Amino acid sequence: MENYQYTIWILILPFAAFLFTGILSGKLKPSLTATISIGAIGIATALSYLAAIQYFFLNASESYTAVEAASFTWYRLSDTLVIDMGILIDPISVMMLVVISTVSFMVHIYSTGYMKGDDGYARYFTFLSLFSFAMLGLVLATNLIQIYVFWELVGLSSYLLIGHYYQKPSAVAAAKKAFIVTRFADLGFLIGILMLSYYTGTFSFSDITNPDGPLITQTIGGTFLGLSTLTWAMILVFMGGAGKSAMFPFHIWLPDAMEGPTPISALIHAATMVVAGVYLVARMFTVYSLAAPEALEVIAFIGAFTSLFAALIAITQTDIKKILAYSTISQIGYMMMALGVSGYSGEAGLGFTASMFHLFTHAFFKALLFLGAGSIIHAVHSNEMKDMGGLRKHLPATHITFLIATLAISGIPPFSGFFSKDEILAAAYASNKLYFAVEYLVAGLTAFYMFRLYFNVFWGKKRTYENIHESPASMTIPLWILAFGAAFAGFLPFSHLVTTDGIPFDTHFHLTIAIASVAIALTGIFIAAALYRKESTRSQKIAATLGVFYTVTKEKFYVDEIYLFITKKIIFNLISKSIAWFDRHIVDGFMNLTGNTTVAASFRIRKFQSGNIHQYALVFLTGVLIATLVYLYYYPK
Amino acid sequence: MYNLNILLLVPILTLAGIMFVKDARNARVVAAIGMSVQLVLVFVLLYMYLAERNAGNMEEVLFYQDITWYESLKISYTIGVDGIAVGLIVLTGIVIFAGVFASWLMKDLVKEFFFWLILLATGVFGFFISLDLFIMFVFFELAVIPMYLLIGIWGTGPKEYSAMKLTLMLMGASAILLVGILGIYFNSAPDGGAMTFNIIEISKVNIPIAAQRFFFPMVFIGFGVISALFPFHTWSPDGHASAPTAVSMLHAGVLMKLGGYGVLKVAIYLLPEAAGEMATFFLIFVAIGVIYGALSAVMQRDLKYINAYSSVSHVGLILFGLLMLTKTALDGAVLQMISHGLITALFFALIGMIYGRTHTRMVNEMRGLMKVMPFLSVAYVIAGLASLGLPGLSGFVAELAIFVGAFSHPEPFYRVITVIAVSSIVVAAVYILRVVAKMLMEGVKDESYNDLTDARWHEKLSVISLLLFIAAIGLAPLWLSDMIMSSLEPIIMRLN
Amino acid sequence: MIEDIPLSHILIVSTLIFFIGVYGFMTRKNMISMLISVELVLNAVNINFVAINRYLYPERLEGHFFTLFVIGIAAAEAAVAIAIFINLYRNIRSIDVDEVTEMKY
Amino acid sequence: MSAFAITFYMGSALMLIFAIMSVTSRKLLRAAIYLLFVLIGVAVFYLVSDYMFLAAVQIVVYMGGIVVLIIFSILLTSHLGEKLQVVKPVTFVIAALVSLIGAGIALSVISAHTFNPVAADGPETTVAVIGTQLLSYGKYGYVLPFEVISILLLAAMVAAIAIAKREKKPES
């Protein structure tokens, strides 16, 4: 048995950094805070790589088995239902460790340059440490409750970091929106957990996802609306994942979340947190695949739909971060779809492997794109494409790295995106031709909108900028490192490392699909080049001819408005307001009525105590007379 | 061996000290010293309790004392604690400690204020240690009645109205409760023999089912009203809004828990069969209250009203957990009592401190407080996060246990109602983040706010003492839940 | 002498005086005249006591003593009542029952 | 019918007439005087019943004390010749009705009942006998009521003084 005891420090270090800098906030120098945070995540990164090398390459056995590196009882719900906090080492968690720690470390370094001079510099790094801790804890979770705990914590750090510029109303609103939307999705997750724990009596992944476990081999619970209870539970769990991963219809928070500092968008809203949903589905994949295939179909459908939907919106956006945000949504849709079409074990599990692979490569190139965008924004102080153009001369390092990332996301060989996307398309092709068609189209759209962005920013019209300069080394070095990853991560033999059941298999290179996908990507690139490389009005003309379609896409299919209508108009104004009114006027009114009736009755009764002595005498005497008569009637003599 | 009487003795000595100080300003010092001593004693109790349990003492209650007080009616001064009571005593100790420091700057009638405040706390401590129904009732009233004066004299807004409403509703409930308690007393010897008020004694007999059916609703509603049971919750928003800071803290933090504790130890423990039969009926009201309170909070503008309605919702979860009658849910309910006590006390303390500076409690009149008073704002955010059930803070563990316990009930109806109750956590996120966003974030709206100061030392002490325990329970819930769980054993035995 | 008169006749007289007193009490507003009515009532009662004592239980003196006490109490009552009247008159210049509302409710 | 009886009935009739006049007279002083006449009638009744001491007390306390007190207070609180206010007519009717019904009931009871007078001579009602019995605590002793009434009288005295005492106006 290998010893992974040291992995506990991957969690402890960032948390200690968070606590230390958080409690002493205001007492420490901001630069010291940053140093502590970077040191913590740096060591954690080293340990993560160590764990990955040990797990994947120093492993003697044929297959990869899950190892619980640490575990202690955190909370006891009943004699049998115990919640542990522990560390689970298995292929996907180790893979995620590498992704998270690398990107997080890069973002930490990048941020020292990007956030320089910001008021909340120390606070920013404190929260970054919290996020790193939470995200690493999430992927290392051994059970559902642990994952939920860290799930919420990443949500919190996301909230805090989106709201970093808390003096800006739009940032505050975006943070609130992100938290509440994901919270609503988490409601489904929580109910799903409750259902699973009710049927299995455990939260532990090793029990739940055991292919020979009772959950999978036996049919449990009744059926509801034609689907088994387990399927519903798994759909609800996916609902949580969909919220975090911004799948339709919960995608609305992600574009708004771009209000946060750009490195945050790179780390949280591109590379790590938003793929937590994918990770969750992958974590529970055994159950999905073997016991709840209907739920998997739902996932595939939503993934495919979202990837197309988001890609369409991305085409029309003008804010560079928003384009990248929709691109992220679209790419995560890819991953979800791949999971959804995947089978279990062996080559049938290609979708799973491809999804994880894409998650891996996507983390590099999307983080790179965001950091590059951050570098651009740092230089021109604007998010809007219309304020940019011809930047390739001014920002050479940014330009080159950005181009690498753009090529990677478009699926041009030999960059990493090509390999992972190719596997996804192959998996889709093997399973469902319709999904393949959709994803194929999306691949073209992706290439188009990414190059539209690229050309608009780095080519296009020449502009003059006031004291523009390339970003400092603290920002460009992470760019180069990530660019290296984005370029060459595709050569990793992923199917030998990450599979559904831990047993490696060989993938075949699908030449036809590869050629076809490169072809459509190139088509997209050429169209983009034709429209945007030189300044021209052709694009506006096309937009005008598309008319209402263009408007609808530009307005993001009015999903935000629908949400706003439901929440503001229906829930707040209609339900909440009427309940508040009901409480004040009916319930409380009833209580007041009781009180007032008593008072009124006492006023009435008070008349008997009038203080009018004549009346008293009269009543008294009448009473005496009646009493006498009664007495005489009953006791005559 | 720990003598529980000391928990009453210290507050009483403090009361005497307050009465005899010359300078009214020194009353707060006396109160602070007294309550600090009390806090230490409370922790000594906790330590001694855990030590006894670890030493293998599995008595149902520890530190038991029984002094006959009124022979012919079998009323005796019976005291003793189990894990549940210890948890709630710790809560009370912390909240009253924080409350004294939160009202450090009280100006009018200082002596009288602290006198009534400590008297109220005395009643609460007495309530939690007593094992005799009659004595328990006496302490219950002792805790409720000072509230009238505290709100009526030191309150704000329509204080007389609120104080009267609160007192009348609670007194009305007490009247029902008294009937229920007497009903239990007169049925405490179904096979002949001596009737008794002693809870431990009564728990050994089976009260006839007809009597249980008759008296369970009385005891439940009697205790339920102080826990803001829908539809008898309307005293809570008005009362909290009018009450001075420390009183709101104590009331929402501790007094509302008396109801939950009473329901558990009297209604469920002594009348288990009726509890089993009628739980479904009351559960409907409780579940309505949970959602209803949360939705009402969304539309409120006054911070205290928001919090009061949120308390209706969260305390509703306590009753919800209790009525589920499963061990996990009961455990969660008790944890929720402690957790909500701390969180809501923190909320009211912060609201009081913010109000003391801005002189308004209207959310939309404030903006950008984060910039001017970072300490209070951060504490407010943490309180909010704890309240919406963020893991790592106490609210989460309590709510999780309630939901898991409720969901593990075999009846499908219970699971449906649990799902409804769970959805309140989303609404909680909405109303809490709304306040955080509107009040704390963005730029300062009113120029004069720039001159406001952050928390002073006594305010920090008050806030930190509460925050510390919220985090402690949230991060390491095991010892507390085990302590409660082992004490739930006799109740579970009775329920089966 | 008195034995010639039947007891019932004496009782009739006292009854009539009693109810005349009651009537006066109820129809008078002036407190002093109400006091006068009360005195009538008391005297009617006294007559009853004495007459019954004299006719039915001549060997004892209970009625006699009761009358004595009633007279004593009547004196005390009248003294206090009149003290109150005078004080009232000083304060509100009236001794009508309807005017004395200061301490009502 | 003996002369005594005739005198008695005429006296009774006069008492009743004076009683009625004392409760109906609109002049307060006159009402008091009519009351005096009724009281004299009562005293005479005591006299013929052989209760000398009682008659004396009646005259001394009632006529000499109470009526004088009443007259004084009348003089203090009202002007001479002032007519009394009357209550509402409906009150008259009700009061008369109630009184008449009450009288009717009482009279019917009296007439329905047969009394059996005992013809025996009672104890002497000299002051000495009365005094002894009043202070005796044996059978037919009245020392307890005596003490009680003493305390009552004392209390009444104090009360009367306290009430009638003119309060010192606070110096403004």
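First chain written, first letter: the chains are A, B, C and D, and each begins at residue 1.
Convention: a contact is a pair of C-beta atoms (placed from the backbone, for glycine too) under 8 Å apart; a residue touches a chain by one contact, two chains touch by 3 or more.
On a predicted model such as this, the values are computed, not experimentally measured, just so you know.
Farthest from chain B in terms of Cα centroid separation is D.
Of all the chains shown, the one with its CA centroid nearest the global CA centroid is B. Remark: chain A and chain B have CA centroids separated by 36 Å (rounded to whole angstrom). Remark: chain B and chain C have CA centroids separated by 64 Å (rounded to whole angstrom). Spacing of chain B relative to chain D, judged by their CA centroids, is 69 angstrom.
Taking each chain's centre as the average of its CA atoms, chain A and chain C sit 96 Å apart. Counting partners per residue, chain D has 87, 91, 94-95, 98, 102 as the residues that reach two or more other chains.
Residue positions 22, 26-27 of chain C are each in touch with at least two other chains.
Touching of two or more other chains is recorded for residues 614, 618, 621 of chain A. Pairwise, the chains that make contact are A-B, A-C, A-D, C-D.
The touching residues of chain A, counted against chain B in their complex, run 26, 73-78, 81, 145, 148-150, 152-153, 156, 159, 163, 166-169, 172-173, 175-176, 179-180, 183-184, 187, 190-191, 194-195, 197-198, 572, 575-577, 579-580, 583, 587-588, 590-592, 595.
Interface residues of chain D facing chain A in the complex, by the touch rule stated above, are 87, 91, 94-95, 98, 101-102, 105, 109. Here chain A touches chain D in the complex through residues 614, 618, 621-622, 624-625, 628-629, 632, going by the rule given at the top.
Those residues of chain D that touch chain C in the complex are listed here as 2, 4-5, 8-9, 12, 15-16, 19-20, 22-24, 28, 31-32, 35, 38-39, 42, 45-46, 48-51, 54, 57-58, 61-62, 65-66, 69-70, 72-74, 76-78, 84-87, 91-92, 94-96, 98-100, 102-103, 106-107, 110-111, 113, 115-123, 125, 130, 133-134, 140, 142, 145, 149, 152-153, 156-157, 159-161, 163-164, 166. Residues 1-13, 15-24, 26-30, 32-33, 35-37, 39-40, 43, 46-47, 50-51, 54-62, 64-65, 67-69, 71-80, 82-87, 89-90, 95-96 of chain C are the ones that touch chain D when the two sit in their complex.
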